[in-house]
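Structures are listed in the sections that come next.
The same subunit A turns up in both complexes below, where it pairs with subunit B and then with subunit C.
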Partner chain A sequence: MGSWRLYAAVAAGGFRRYATYRAATFAGVFTNTVFGVILVYTYLALWDEKPHLGGYDQAQAVTYVWLGQCLYSTLAIQGGGAEKDVIERIRTGEIAVDLYRPADLQLWWLASDLGRSLFQLIGRGVIPFVFGALFFPMALPTDVMSWAALFVALLLAMVVSFGIRYLAALSVFWLMDGMGIMQGVMITGVFCSGIVFPLNAFPGALGDIVRALPWAAQLQMPADVLMGETDPLGAYAFQATWAVVLLGAGRLLQSAATRRVVVQGG
Partner chain B sequence: MAETSRLGEGVRAYWLIAGMWIRSAMTYRTSFVVTMCGNLLMTGLDFVGILLMFSQVDSLGGWGLPEIAFLYGLSVTAFGIADLVLGSMDVLGSRIRDGSFDILLVRPAPVLAQIGADRFAVRRLGRITQGTAVLVWALASVEVDWSAAKVLLVPLMVVSGAAIFCAVFVAGAAFQIFAQDASEVQNAFTYGGTTLLQYPPTVFGKDFVRGVTFVLPLAFVNWVPASYVLGRPYPLDLPGWAAFTPPLVAVACAALAGLAWRAGLGSYRSTGS
Partner chain C sequence: MDVMTDAFIELDRVEKVFDVRRKTGFLKRERRQVRAVDSISFTVARGEMVGYIGPNGAGKSTTIKMLTGILTPSGGRLRVAGIDPSRERTRLAHRIGVVFGQRTTLWWDLPLIDSYRLMHRMYRIPDARYRENLDRCVELLELTDLLDVPVRQLSLGQRMRGDIAAALLHDPEVLYLDEPTIGLDVISKAKVRGFLRELNTERGTTVLLTTHDLQDIEQLCSRVMVIDHGRLMYDGALAGLHEVGESERMLVVDLEREVPPIEAAPARVVKVEGPRQWLAFPASESAAALVARVAAEYPLVDLSVREPDIEAVIARMYAGEAENAVS
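Showing the complex of A and B:
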């Protein structure tokens, strides 16, 4: 029971840390809104050309765009969450301090990242989404259940997103420099999460592959859950499976790293 | 005379600082090659996104793939040049926050040159390479009745476009002096701008096109002159000679950005702690 209080406090710390920079948050909201407007126009043209592309109608495509902008920083789709801190701490050797703490390394950073995600969702994500709903026709459900279903999908998406980035961060125990791996996180995140183009609309075999990868749990699944395009339970199962696999792999890699790797700087 | 020598001084300072960063990057050669390839791949994904769209449709807003590739190549190459020259400007906000901006002010070299060359990154050649490759492919595959004016307009668009984006970077830097933490706003105009110009003007709403023509004249980077080259109607029914105005627009933008930069610098207050 006591340890839950600890992780809740870490999560609250993560939330407050990002809540401190109000001007930066406002700037992020503005930038996400501008990108949302640009993307919406191109998607409208695209769906004009080919209605029902990827099984969506125009209003659904617009909803998809704005949900993507809402989740862009929430899920750290191009990186920039807890993994950035972990990489920096491994590089400087400060990770040794973390390992001494009477808390689990993975859970500590998971809690911190969830706190960050929740703030980004409320502080940065909601406004562009509302802006989109006010100025463009969107396909939004009117029943509370669909929104509750979305929230569960989002929580799972946050865990999957952390799982991917935590694995990437741990690799720095061996690589020593996080530059390349952060680029990798960015490239795979942007391409495979469907922020550029809905995964449903990817052609042929490429589509089958990206829809099976863990990045599909981040934007595609929550979007489909919100718009009733998929059975929520199936989506949760997909997300939860990847969450367990990624966190499990992170746990294995973490124990290998802490057993075998000499911390830098000492 | 005083102005020219100051310009010369700025360019010289810029090259000295940029050269230093190039030498420092070349020390870790493997890391340099890897980040350069990463940069190429990352910026290339934009175009993969467009190719994915065209795997499903034959035209977007009435424009075919070669024509959109033409827009894309122009936008990305012009933006890539500006990004290489002044792309590090977005660290200005953090330099102001931690107080290290003061050091630049006391050095005997123009501040704009110093901040422009700060963390000069050769890996940004990746975006230019990728943009140029798409542009070359587009030039080879668009159906255009080439005339001397059209041929000349292509390099002119790249240079003027780069200058317009440079002006946006400088204006953004001036804005950061006021906004500090809000430096991300700049991304909406720089990265947002180059993304926007990758798609034809017919895709966007009329008021939106008006905004990026008359308020923030990004339309002159490629939309207007490219419409002339491709023989398509101009956005907003602009007059025929508008296609040849990008250099003038670039000069006007640069002058306005210069004024904004001076105003920003004049009102700068240090962090104070």
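Showing the complex of A and C:
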């Protein structure tokens, strides 16, 4: 094989590329920290009125907020990862260049996006999380195993997140423009991932639905794994199932797209 | 001799038809077929350097896309190194190099060298070979000072050289170049051309070059193919284009005094300016015979022969084709 070295190099490139955007990283850290503070006070007011909402106590709700801010750019909840590049390359016809290469398009972009995710976790996510832990009471585990379990859940969350966004990006082969679909990705991402409000606290049938959707694999699952609210293996199974379904659908759509490829712009 | 008969690229009546849907009214669509490539046949031998020219929309890029396997021909037979490109795109990719003048394969935000490291992994180039090829490209394309510069900071000429190097690290047997000198200044063009010539003569790399810059062709290619409206209109030596294009050469004579227009058919006088006259004659005719006749019959002082402008020849070919298409 040996192709893992290629994709490792692609991932490393994705990591380094985002590492070059220093001003954007700094601005992002600041924004996530400010948003975190605003959300924490809103949650605390809410949990004061309704203790144990969604099965969380106040410390858990605060933890949920800061994990969300930590993962906001890591998982490109509102979009803005590899799919942005893919859309642009389809729109301009540069995707033709990618097709000449002896590499798999989907694996290439997955690797690139994982590299980006990893950078944003370290460069942009950790600081707001640590800030939260220092200034607010949080429900953090003290054993290494829980943190390791979180890391596995995060990796799976990254793959699911990519799977959703890659499908959206491929649709541009037919739509010719990515504006509309990215609006869709943004709205569904913000609502269904639980970045604004924990999915566990969504009421009734709506709650049942959003908790079954792939977006639940992004923030809700890792949060529950970290705080011991769910069995990690069950969470992994849920995440892995969605990862396989989404990547499989991406593969099908990709082969349909490249078969009918009308590379734009001569 | 074997080299000449080794057809590396083979096209036999290759076609590419696109379905185009056009909006003709509210919810109404008209379906139309566009023949981007219309029954084209040619072969390119290993080690040849061929120019592939034609106006915008002639079908050049469509041909190249079929040759690389990202478009499937609608009809006909196409082989590159014995491989059907659209069926075995990935296998073929290891053996070909592609350079687009207007697109880049380089990693925009990262230093040039990072893109090369990626090529190293992507094409699984053995370490020693990678080193050797990289060193050679860096030296010949003068990339030494650019390796650590992010691609987005490179000038167009620098980026182009960077792209050419990227396409050659895996020792491709054939290199497709789509307008490699577009937008480059005179010095950058000369560097690119010099490098391509060396690549072709020293390493025997087969080169197929599309361009709008006929100087590229004149300086690099012994053979040229002209395509228009998806059809191959000419395939042969560059010099032969003049005959096909019915081009004319110009004999400019300076006489001792003003005389009436010279009569020397098939040459005809197209301009008279005092004692100087301009005679147009078919490019296929001998200039020597004409000069001898004029010198014998007129008081000749000085003369010069102007070769036809290749661009004018090709423009005439395109225009003639358009007229044929209309009638």
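For the reader, a short list of remarks on this structure follows.
Following the convention adopted for this analysis, the second predicted complex is superposed on the first by the 265 of 266 C-alpha atoms of A that agree within 3 Å, B and C clash if a C-alpha of one lies under 4 Å from a C-alpha of the other, contacts with A are read in each partner's own complex, and residues count from 1 in each chain.
Definition applied: a residue touches a chain if its C-beta (ideal position, glycine included) is under 8 Å from a C-beta of that chain, and two chains touch if they have at least 3 such contacts.
Please read these numbers as outputs of a predicted model, since none were measured by experiment.
After overlaying the two complexes on the shared chain, residue contacts for A:10 are found with subunit C alone; subunit B is out of touch. In the superposed model, A:175 lies in contact with neither subunit B nor subunit C. Within the superposed three-chain model, A:139 lies out of touch with both subunit B and subunit C [touch as defined at top]. In the superposed pair of complexes, A:96 makes contact with subunit C only, with no contact to subunit B. In the superposed model, A:50 lies in contact with subunit B only, and not with subunit C. Contacts of A:24 after superposition on the shared chain: subunit B is touched, whereas subunit C is not.
In the superposition on chain A, A:187 contacts subunit B only, with no contact to subunit C. Shared-chain residue A:59: touches no atom of subunit B or subunit C. Of the two partners subunit B and subunit C, more subunit A residues are in touch with B. On the side of subunit C, the complex with subunit A involves touching residues 18, 56-57, 61, 65, 68, 70-72, 89-91, 93-94, 96, 98, 100, 103-105, 107, 109-110, 114, 117-118, 121-124, 150. The residues of subunit A lying in touch with subunit C in their complex are 2, 5-6, 9-10, 13, 16-17, 20, 93-94, 96-97, 99-103, 258-259, 261-263, 266. On the subunit A side of its complex with subunit B, the touching residues are 21-24, 26-28, 30-31, 34-35, 37-38, 41-42, 44-46, 49-50, 53, 177, 179-180, 183-184, 186-187, 190-191, 196-197, 201-203.
Here subunit B touches subunit A in the complex through residues 31, 34-35, 38-39, 41-42, 45-46, 48-49, 52-53, 55-61, 179-185, 187-189, 192, 195-196, 199, 202-205, 208, going by the rule given at the top.
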